[in-house]
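Common to both upcoming complexes is chain A, partnered first by chain B, then by chain C.
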Partner chain A sequence: MASPTRRSDLAAWLFLAPYLALFVTFVLIPIVYGLWISLHSWDFMLPDKPFIGLDNYISLMSPDSVNFSPFWQSMQASAIFTVASVPLLLVVPLAVALVMNANFRGRNVVRAIYFAPYVLGVAVVGVVWRFVLDTNVGALNWLLGALGLPDSIAWLSSLPAAWVALVGVTVWWTLGFNAVIFLAGLQDIPKELYEAAKVDGASKWQAFRNVTLPGLRQVTAFVTMITIIASANMFGQSYVMTSGAPGQETRTAIMYIAQDGLQNFRMGQAAAASWILTLALMLLSLAIFAVFRDRSGGETA
Partner chain B sequence: MKVLRPAALGLLTLLFVSPLLFMLLTSFKTEREAVQTPPSLIPSEPTLQAYERILNASDTPVFRWFLNSMFTATLHALLVVATAALAAYALARMDFRGKNVVFGVIVSTLFVPPVILVIPNYMIVGEWFQWLDSLTAIIVPTAAGAFGVFFLRQFFLQLPQELEEAAFLDGANRWQVFFRVVLPLSKPALATLALLSFLTNWNDFLWPVYVLFSPENKTLQAGLATLQAANSVRYDLLMAAAVIASVPVLLLFVIAQRYVIEGVSRSGVKG
Partner chain C sequence: MNATPWYSRTHAALPPLSRRGFLWLGAGAATAYLAGCGGGEGVGGAAEGEGVGGFSGEAYSGPDVTLDYWNGFTGGDGPAMRALVKKFDAEHDNIAIKNNSISWPDFYQQLPAATQAGKGPDVGVMHLDQIATNAARGVIVPLDDLAEALDLTEDNFAPSVWGPGIYEDQRYSIPFDVHTIAMYYNKEHFKEAGISEPPTDAASLDEALQKLQQAGFDQPFWMPNLWPAHLMFLSLLWQFGGEPYGGDGTEATFGSEAGVQALTWMVEQIDKGYSPTNVEADAQYTAFKNGDTSITWDGIWQINDLQDSGVPFGIAPIPTIGDEPAAWANSHNFFLPSGAADDENVANAAKTLIGWMSEQSADWSDAGMIPALNAAREQAAFMESPQYALKEQIGHLHFLSPVPGLGEVTPETIEVAVNEAVLGTKSVEDALADAQEDAAKLVEDVLEQYQG
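Right after this comes the complex of A and B.
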């Protein structure tokens, strides 16, 4: 019996089929396959890929293994970058969004200009800044010198200058993205609330604290979440600008995984490392989620 | 104060874009002028040397990279829009067994960090499909991301159902309703998704760097990585290549600014 539900079932699956084929092949299977790879001594170039259980994980976790310190140094680099970049990636875009939220002529042009770097790839952003930050011929050191400041800073190969450079470039590159999301949030705050605050004699700062910030809570939670995840996944800036220098200090976790797995072809090890990183990122996401839920629950109560 | 504020904003904005202006100006300098100190602002003898040197070089065929990037980003965007629109329509408007499970699984992968897919997808692309060093590897696997389906489903759910119902009453079938009623109503959303997919693919970096090897097969982003890894970096060449990699996306952004910014502010997609 060809019931209507059945026919609709078939049609629905036909609509879904092309996407699901991609989704299963390049998302679902890889998740499981990656776990499988991580349980083997897996080299892309070698025919033998013996099963070794949890050895790859154990080797990443035991301090006396040769893999321990490069991996955890890269995890530390990602952590440093995340901690240093996220506050700036929240505060600066919010400030930009507040400026854009005012009515002035040419506002859309200014908004587009501050967003523009984001549409450029990290490779373009990286090489342009590598040039600007070059120790000997870079424009920044020249400018610092002209202002009478230290003018031979090795921005891309010394610490902490390299972190300043990586964070600064990332802020320049992606601030427009976060600003646009903040701006949408600002525009959703009812104008009446500001008028009411004005009537009550609130100063600009009070209005910001008591109307703007609470009104942005959800947007801020969203932006914080995606920014932390993006920063923890940093790869291109280090790859292009510092190549991990000095030493391997600015080599991030993603860069370690890519080099270990796709350059040295130690894929079992790299797959295990990417599982550890993934679990860390998921725990981090849950923690942020909990923080924001607690706080909003507490204040509405 | 009233005059100072626009001036300050203008100055700040100029400072903000100065690295890009500097990139553009440097690309027209000679090899020597590009690295002179103090740096010159305007090229003293503007030249196309850098562009001539890289456009058709055998080890760094930038023009070829440009075509490769155009080709992959365009096909990728079409593939994303076509597959996501079909799937999103089924999930938004059709009733079938397993619907909630399918949607749940797709959406939950939005929270899976992409790094977990890199190593296994390299094996799948390399061993199962033999796509290493081929542009197919850049076009297809990343089209499996859940964002497009999620984004279009949200849009379809907001469409008024009356038009679709009227078409059904007129005897149209599912496919006709989807193709002749729903898609035309969804042009802004489809354009936004196509645009974001094009930009993402054009700028994709880690994957092309490791998956493409031959000079003639690289995309611009992967090629830039090769150019800058050369033993003695030529900044004039690097800036010319960076200009070539920036112009198409900047143009696209200027033309379709509204879609890009609205797409981002409504849903949020981070690179």
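Right after this comes the complex of A and C.
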């Protein structure tokens, strides 16, 4: 009696084993090890790695410590970027996916064009846009000038222009990925529902509101979550395009953590900062999850 | 793209040597030299303190070895280093070199980790101001026996490159070159504007800039706010009699009156219309190469790149804007990593390479550098190089204090203040005061980290 269950348990574990091994080795152990490091004054080359309990966390939380303002400034930068980029990275790719889903000649070309930037590395994207956005010799300001618009906007070294540039480049770069996922979601919505809506005399907008959006709920929840996490972890764009300038206003949390831990060798401090960022993201993910859950529960009822 | 901007982040972290620090180190150098006389006569074990392997100065004659050689010569200096490595390979049958050039920021990040993991280099080059940090962290080992075998002492070298290679009375490095920033100018622009001599002080520079503007070069001197802006600031700070760090690196003093004067002058160049606002990363250098600006201050390692670009450039010492001539400088130094010290053959082969390289110092002028060895600066290879025009500046070079960990303070403070003031997001006074306050805390933190 028990044996079939046990056997299927075993089979399940066997199927899971390869991923589990990778997960444990490259995710779980580093996370726990990171927690351990965050409780020490840790420099891997110095013989002395004194245990200091929660001092790293306390120092990140106390306003008069040297780490407080750079860390929270970087957290704020990540937050600004996330708030500005996530809505755009949901709406624009959805619109693009709707276009891609329509029937027209050259549809595959359009799909390829929108997805193309995503295959580029962040270094390539950053360097190319740095040239385009250069205040004094960049193509964008030249173009704006030719159109009679203000042509001396410091896209990479003044606020809020730098945020506009960073968000804009990120949307251009990554919208293809989100659009493809939305597209897959759109193609999963049964055609019958649209036909039924048509029979009921629904307008295009009503069909979108009542068929498309509810049909995309799961996909949207997923896209929202990964986009928030990706945006909160933004690093390369700032690193390559603005170097954190003006001052350190566009230095994101990950950029601060990388510099603190890998360049300045304060790994304990950096590990603690990573944990604070991780906890913040976990809480945010739970909140998003709850938002999408509630609504779906409400509507099925 | 040239490699230099990337060099900035950590290289920027490279402290020069203050006058007070210089004296202090001079004393240290003397002590270390005396200490070094005690051993290192080709005896292994006993020489442990002075250098692994007890290098005797003879070329390595053991079994064949391959040396992993790491450096950061990814820019205009790369080809010159590869040529030297090739020559060494040809002359030494039993030593093969694997040359690995990594951009400096990555270099300083990877070196400790790789050494720790046993995957590090067998020999390498790093900046003078990184020696103390890496010695303190056990990444590199002493080389007293090598210096002694090669008969190298402080007297053989350009001023102030010897001292910072000593940490806790032991020598960790063999200086190879000195590099500094210079004033590059467009010869054709100067001719059109009727300027016959490169400017040498604030007044003549201002006059030249006005002439250039009258000749139709509207923005003749673009002022950067990122790399190498802080090198300009440091040079000017020393010119006005200031010091970035005082008390042997235990306090930050760059916000002094001299600092305010230095940074104010930089901002003024924009206010006077000689420079556009918001010059983005590298834009001043690109503009100079394209002939869009007439004067730029940058590192001498750009010489090869400028020659390749075909721009008709001249090179001169940076003008004395303050009270006395001064310029930021750094130096490339050979080191032996702790990993190589485990194997006597590898250590001795590495030392053979270092000794040989040191003898080729003059040829290293091809990289745009100034040889650190005094004798090499009297050879044709240097005297015929473009950077020979800077010979007067060699007596006025300043290095950042070689205090362990101090390198990480500069990018977080001085670079930020320069960026904010030049961009105009803060006043000069506020930017410097805020940065100095941050630096005071950071310095305290760093001292604790390296003493604990």
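FYI, the second predicted complex is superposed on the first by the 272 of 301 C-alpha atoms of A that agree within 3 Å, B and C clash if a C-alpha of one lies under 4 Å from a C-alpha of the other, contacts with A are read in each partner's own complex, and residues count from 1 in each chain.
Note that in this section a contact is a pair of C-beta atoms (placed from the backbone, for glycine too) under 8 Å apart; a residue touches a chain by one contact, two chains touch by 3 or more.
Please read these numbers as outputs of a predicted model, since none were measured by experiment.
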**OP:** Superpose on chain A as described above, then tell me if chain B and chain C fit or clash.
**Re:** clash
Original post:
After superposition on the shared chain, which partner residues are touched by A:147: those of chain B (first), chain C (second), both, or neither?
Top reply: neither
**OP:** Answer with first, second, both or neither: which of chain B and chain C does A:137 touch in the superposed model?
**Re:** both
**OP:** Kindly classify A:247 by the partners it touches after superposition: chain B alone (first), chain C alone (second), both, or neither?
**Re:** second
**OP:** Look at A:127 in the shared chain and tell me whether it touches chain B only, chain C only, both, or neither; answer first, second, both or neither.
**Re:** both
**OP:** Go through the superposed model and pick first if A:222 touches only chain B, second if only chain C, both, or neither.
**Re:** first
Original post:
Where does A:199 make contact in the superposed view: on chain B (first), on chain C (second), on both, or on neither?
Top reply: neither
**OP:** Determine, under the contact definition given at the top, whether A:43 touches first (chain B), second (chain C), both, or neither.
**Re:** second
Original post:
By residue count, is chain A touched more by chain B or by chain C?
Top reply: B
Original post:
Can you tell which stretch of chain C collides with chain B among 45-53, 99-107 or 297-305?
Top reply: 99-107
Original post:
Do chain B and chain C touch any of the same residues on chain A, and if so, which?
Top reply: 44, 127, 130, 134, 136-137, 262-263
Original post:
Quick one: in the complex, what on chain C touches chain A?
Top reply: 1, 9-10, 13, 105, 108-109, 112-113, 115-116, 136-139, 222, 225-226, 276-281, 283, 286-287, 290, 292, 405, 408, 411-412, 416, 419-420, 423, 425-426, 438, 441-442, 444-445, 449-450, 452
Subject >> Footprint of chain C on chain A - complex, ascending >> reply: 41, 43-48, 50, 65-66, 70, 127, 130, 133-138, 152, 154, 156-158, 243, 245-248, 259, 262-266
Original post:
In their shared complex, at which residues does chain A touch chain B?
Top reply: 5, 8-9, 11-13, 15-16, 18-20, 22-23, 25-31, 33-34, 37, 44, 99, 104, 108, 110-124, 126-132, 134, 136-137, 139, 142, 146, 172, 174, 177, 180-181, 183-184, 222-223, 226-227, 229-230, 233, 235-236, 239-240, 253-254, 257-258, 261-263, 267, 270-271, 274-275, 277-278, 281-282, 285
Subject >> chain A contact footprint on chain B (complex, rising order) >> reply: 6, 9, 13, 16-17, 19-20, 22-23, 26, 35-39, 82-84, 86-87, 89-91, 94-97, 99, 102, 105-106, 109, 111-124, 126, 140-146, 149, 174, 178, 199, 202-206, 209-210, 220-222, 224-225, 227-228, 233, 235, 238-239, 241-242, 245-246, 249-250, 252-254, 257, 260-261, 264-266, 268, 270-271
